[in-house]
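Here come two complexes built around chain A, the first alongside chain B, the second alongside chain C.
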Partner chain A sequence: MPFPRIGSTTMGENTMGNQELDFNQDLRIASVQRGPKTMLTVNGQKILAYGGESVHAALTAAGIRNFRIAKTGESRGVLCGMGICYECLVTIDNIPDQRACMTMVRDNMEVITEVPLFQKQTPEENNMDGNQ
Partner chain B sequence: MNARYHVIIVGSGIAGLSAAATLAGHGLDILIIDESGHRGGQLLRTTRLKPSCFPKFEPDLMKSKGFDLVHTINKDPDINWLFNAQVLGIFKDRRLLVHIENIPSHGKQDSEKIFEVQAENLILATGAREKYLPFNGWTLPGVMSLGAAQILMKSYGVLPAHNTLIAGTSPLMMVLASEILGNRGKVTALVDENSMIKKLTFLPLVKHHWPKLLEGAVYTSRMVLNRVPVFQGYRVIQASGKKEFQSAVIAKITPQGDVIQGTEARFFSGALTVGYGFTANIELPAQAGCNLEYQKDKGGWVVQVDETLESSCQSVYAAGEITGIAGAKKSFIQGKLTALSILKKIGKINAGNQKKIFPAEIQRLLFLNHQQTAYASFLNRLCQVPASAYTAIPDETMICRCEQITMGTIKKNIQQGFDTIGSLKKATRCGMGRCQGRICGPVIFDIITALTQKNPERIGCSLSRAPVKNVNIKAFLNS
Partner chain C sequence: MSSASPKIVIIGGGVIGTSIAYHLAKQGASVTLIEKKDLASGSSGACDGLVFMQSKKPGVHLSLAMESLSRFEGLQKELPMNIEFKKIGGMVIIETDDEYRAMEKFTQEQQAIGLDVRLLDLHQALEKEPFLSPNILGATFSPLDAQVNPINLTLGFALAARKNHARIIHHADVLGIHTSNNRVTGVATTRGNFDADIVVNAAGSMAGLISELVGISMPVQPRRGQIVVTHAGKPVLAHCLISAKYIAAKYDPSLADKAGQGISMEQADNGNLLLGSTREFVGFNKENTLSGIGRIIRQTAAVFPVLENFQVIRTFAGLRPYTPDGLPILGPVRGLNGFFMAAGHEGDGIALSPATGNLMARMLLGQKTHTPLDAFSPDRFDNYGGKHHG
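Let's look at the complex of A and B:
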């Protein structure tokens, strides 16, 4: 079978994958025809969205993945994406606990996540969390 | 909205659609209820392409068949649709408690309400969800199911991340990788728990589904062309990152499912998608009182049905993934079969030449339905992980994500004798959170099985009561 064999060089403490991510590049797929442009307010900040997108999709495209804080204080984001896991709960237009994956964006929608947005992470924080 | 329908179909996936299409044109009042806002369930999702773009090549035959189905029944006057609505419970004489969610077009905040509707015949086609194998860090934002990543791309045209690490046992991994690459995203690597040898041993079970192998070949060739590293016989053992997912550690595993020390490698990626196969959404049929049975090769607990696909509750039928995970083709066949069973029962098939072809058609569908069993066991065996994978979950790993119950707590309680789903739930609160055990339930079942080797009937299935989905108390007040 044409699967690449794993050489010993990729093992051990070596790392693979692109470590320097270009966060300015758009996650929206270029070939897709989008609905009308609209603006969402997420924790007071404006983000771009298009009609027909779910809140989950709009937030993902804006680089937001922390949606809520669990009982023990850790942040959570979307798991199932289809309305089953209730991990993506956000406050939408003052109604708490709405599933971001099941709610479609609409004009002047106001979304509040439980996690402060656009936190600048320090280089130390960007490293591993010390589990290994 | 009527107060009563001849047939109510819960779920508008392939099974629900094919049932509706077969029932249409017989003068019946049909209502389809779906939780989402679109027709077609999880499989039939699509975005419109810009006019300048070429249509995408779709190797899955069932999808094009499904889209045709949506197209034909879309404007059928017999069929009524109810979207963004959840069935909270099914009561005596098939009375359904339905919750309509906030829909923007209905005005501001108070469009949420609850009402009752009765079905003479009820078809449950609630579909399936993904299964997981928990590891440290699977609760980090950026770790998601394969389906979540697919939905982002297929329904909304948004890539899950700039580069995505794909892991698990599910055949969806290949589909997802292919879709990401086709949309000019990057796949960091594909980490397949099954080794090539293990996959080859399952090959004889494919049988009548050989076109699926071609589909797989299309996906594989795309990965090879894009030089995606493929690791077979590897498992993700840890995800790390500060507040969000940043990297994952993978390790080689033995055929028995044990991690081989010293083979760990770390991958940095924008997102991690995982999937370990599927399990049926049996919460609603369980609440309705339908008998369930545990079939490992059908994905776990499924609804018990007879030849006409009627469940143990009178005039409550089950079609598609909830009678056993087997993919779209089986759902299509079973949708048709339930519809014909209902038409036969209520005597709506006397008109014209339909009378002659009818028994033959049922026989043909039953045969096709039976054919799916082999493919189903291929699909589900491919996705299964060995028991040792569950016993090896570290104590600090979160199992119940809603109630924050760790493997350590669960293990301790199982050892103390809380070794059924019901007693463990009472002892630890696992499965009592917002998802009501939909995510952790199948995992906990497998953990108990792995630790105690008890038989499935003794471990049991989580009880399900109305409302089976979360609902604001306000919805009751508005009604």
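Let's look at the complex of A and C:
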């Protein structure tokens, strides 16, 4: 069974972007003890994060894997996860080209990815902060 | 060319050697280029890509630069590589009153010969480059300044030369130059001997060592330039920049010690910022130093504060071929028939390579050169302490 490639058709209909996401999902390992809860804004959408997490970790836990668009037009996400490859660049608090893997989350941080996100539409959608 | 055409051997696979090879081969000459390591493995692969006009002194130096500039656009189409040539304009950043007065005089001399260069106040400078520090005093601007990818340029010259039947021999270390009756006859290398009627010394910072093989002393010295590379970011810099201190340091090494060595800055096609540089006499040592890198980062960040958001991903250093009068050495060496110099461009090798290659090719094939080359003649260093070849 081939390993599913980011951006390949095995990932869903959006071949070059993020598949439709449920921002309420949490892919974290439940048993790990975490820092205080906080919220990030990613392209205007609120997602959950915990103190001590990198932006990379928070985005990945929300299922967001494609961050930026390379010169070739292909989407890119985290490759090395340790600050070397510069594939995971996102705009953080209006500063472009910051490494998601090397930036720790802060309260009310605003993250912008070049690859758009598509919120999965469900009739009874509840926002994380419950008002809307 | 007839079979009686001279066999030409070029020593050095940097931007100068490959440009000469290309311009010769295009005319059908018999050319062999010998490179010790890989093409562009020396200074041509360890430099920035600035093609600055307004940093040149009016006179022969600027004429050579202008002729090169006019050739770059053609080369962009001619060469089988994308040389990423962009005529984006350049600015010289002025930080002190002394520099302002010096640059005022420098630009007046340039304007007098018709160079398109103007002095900008702070407001005008910030209009052109919004991320410049508001603490600078102003800048000079010329729309003529450009940038190019130096490695692609060198490889482009080499590939085009080979297409025109030039032979390129790499990883061949020159062991000696054969002579007979005070004439060159060939070059001995670790990859065999090559017959030659003409030998061109285009060995860059090592040109002095090559000349010594035939007992000729040429005052080319390695001068280290360190460069800092940042990650590839969004466009933040529309022009190429140097500081007024850079011009001072270039023409008066004593000023480099007093006022610092100046900086240069460009954003390459890929988005990486290249920050330079140092000018140091440390022999053939190509290492980076913490103090050199630290100074480059401090001084570039002072005039371009947005650098705080950039990460350094790499540093390197190259050895620029320095000559005492700041001009390259181009032409026949009086002491030995058939032995030509084409080295000593210091930090201008990339910018001057198109005209240098063309003029050297014409000179070697006995054609007229419309730019007079007397000022570049090796003869000017006759009394440098070299002994004539006996």
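By definition in this document, the second predicted complex is superposed on the first by the 92 of 132 C-alpha atoms of A that agree within 3 Å, B and C clash if a C-alpha of one lies under 4 Å from a C-alpha of the other, contacts with A are read in each partner's own complex, and residues count from 1 in each chain.
Just so it is clear, a residue touches a chain if its C-beta (ideal position, glycine included) is under 8 Å from a C-beta of that chain, and two chains touch if they have at least 3 such contacts.
Since we're looking at a predicted model, the values are computed, not measured.
Visitor: A:78 in the overlay: touching chain B, chain C, both, or neither? Say first, second, both or neither.
Guide: Touch status of A:78: first partner only.
Visitor: First (chain B), second (chain C), both or neither: which does A:31 touch?
Guide: first
Visitor: Have a look at where A:95 lands relative to chain B and chain C in the superposition and call it first, second, both or neither.
Guide: A:95 sits against chain B and chain C alike.
Visitor: Which partner does A:108 reach: the first (chain B), the second (chain C), both, or neither?
Guide: So A:108 meets neither chain B nor chain C here.
Visitor: Of the two partner chains, chain B (first) and chain C (second), which one does A:87 touch, if any: first, second, both, or neither?
Guide: After superposition on chain A, A:87 lies in contact with chain B alone.
Visitor: More residues of chain A are touched by which partner: chain B or chain C?
Guide: B
Visitor: Shared contact residues on chain A, chain B side and chain C side combined as an intersection?
Guide: Shared contact residues on chain A: 71, 86, 89, 95, 97-98.
Visitor: Spell out the residues on chain B that touch chain A in their complex, using ranges where they run on.
Guide: Interface residues on the chain B side: 35-37, 42, 47-51, 53, 101-102, 104, 109, 129-130, 136-137, 139-145, 147-153, 155-163, 165, 183-186, 188-189, 196, 220, 224, 227, 229-232, 238, 240-247, 249, 262-270, 281, 401-404, 433-435, 438-439, 470.
Visitor: Please name which positions on chain C make contact with chain A in the complex.
Guide: Residues in contact with chain A: 231-234, 270, 309-311, 313.
Visitor: Show which residues of chain A lie in contact with chain B when the two form their complex.
Guide: Result: residues 1-4, 6, 10-19, 21-23, 25, 27-34, 52-54, 56-57, 60-61, 65-67, 70-72, 74-87, 89, 93-95, 97-98, 101-102, 104, 106, 115, 119, 121, 125-129, 131-132 of chain A touch chain B.
Visitor: Spell out the residues on chain A that touch chain C in their complex, using ranges where they run on.
Guide: Residue list for chain A touching chain C: 71, 86, 89, 95-99.
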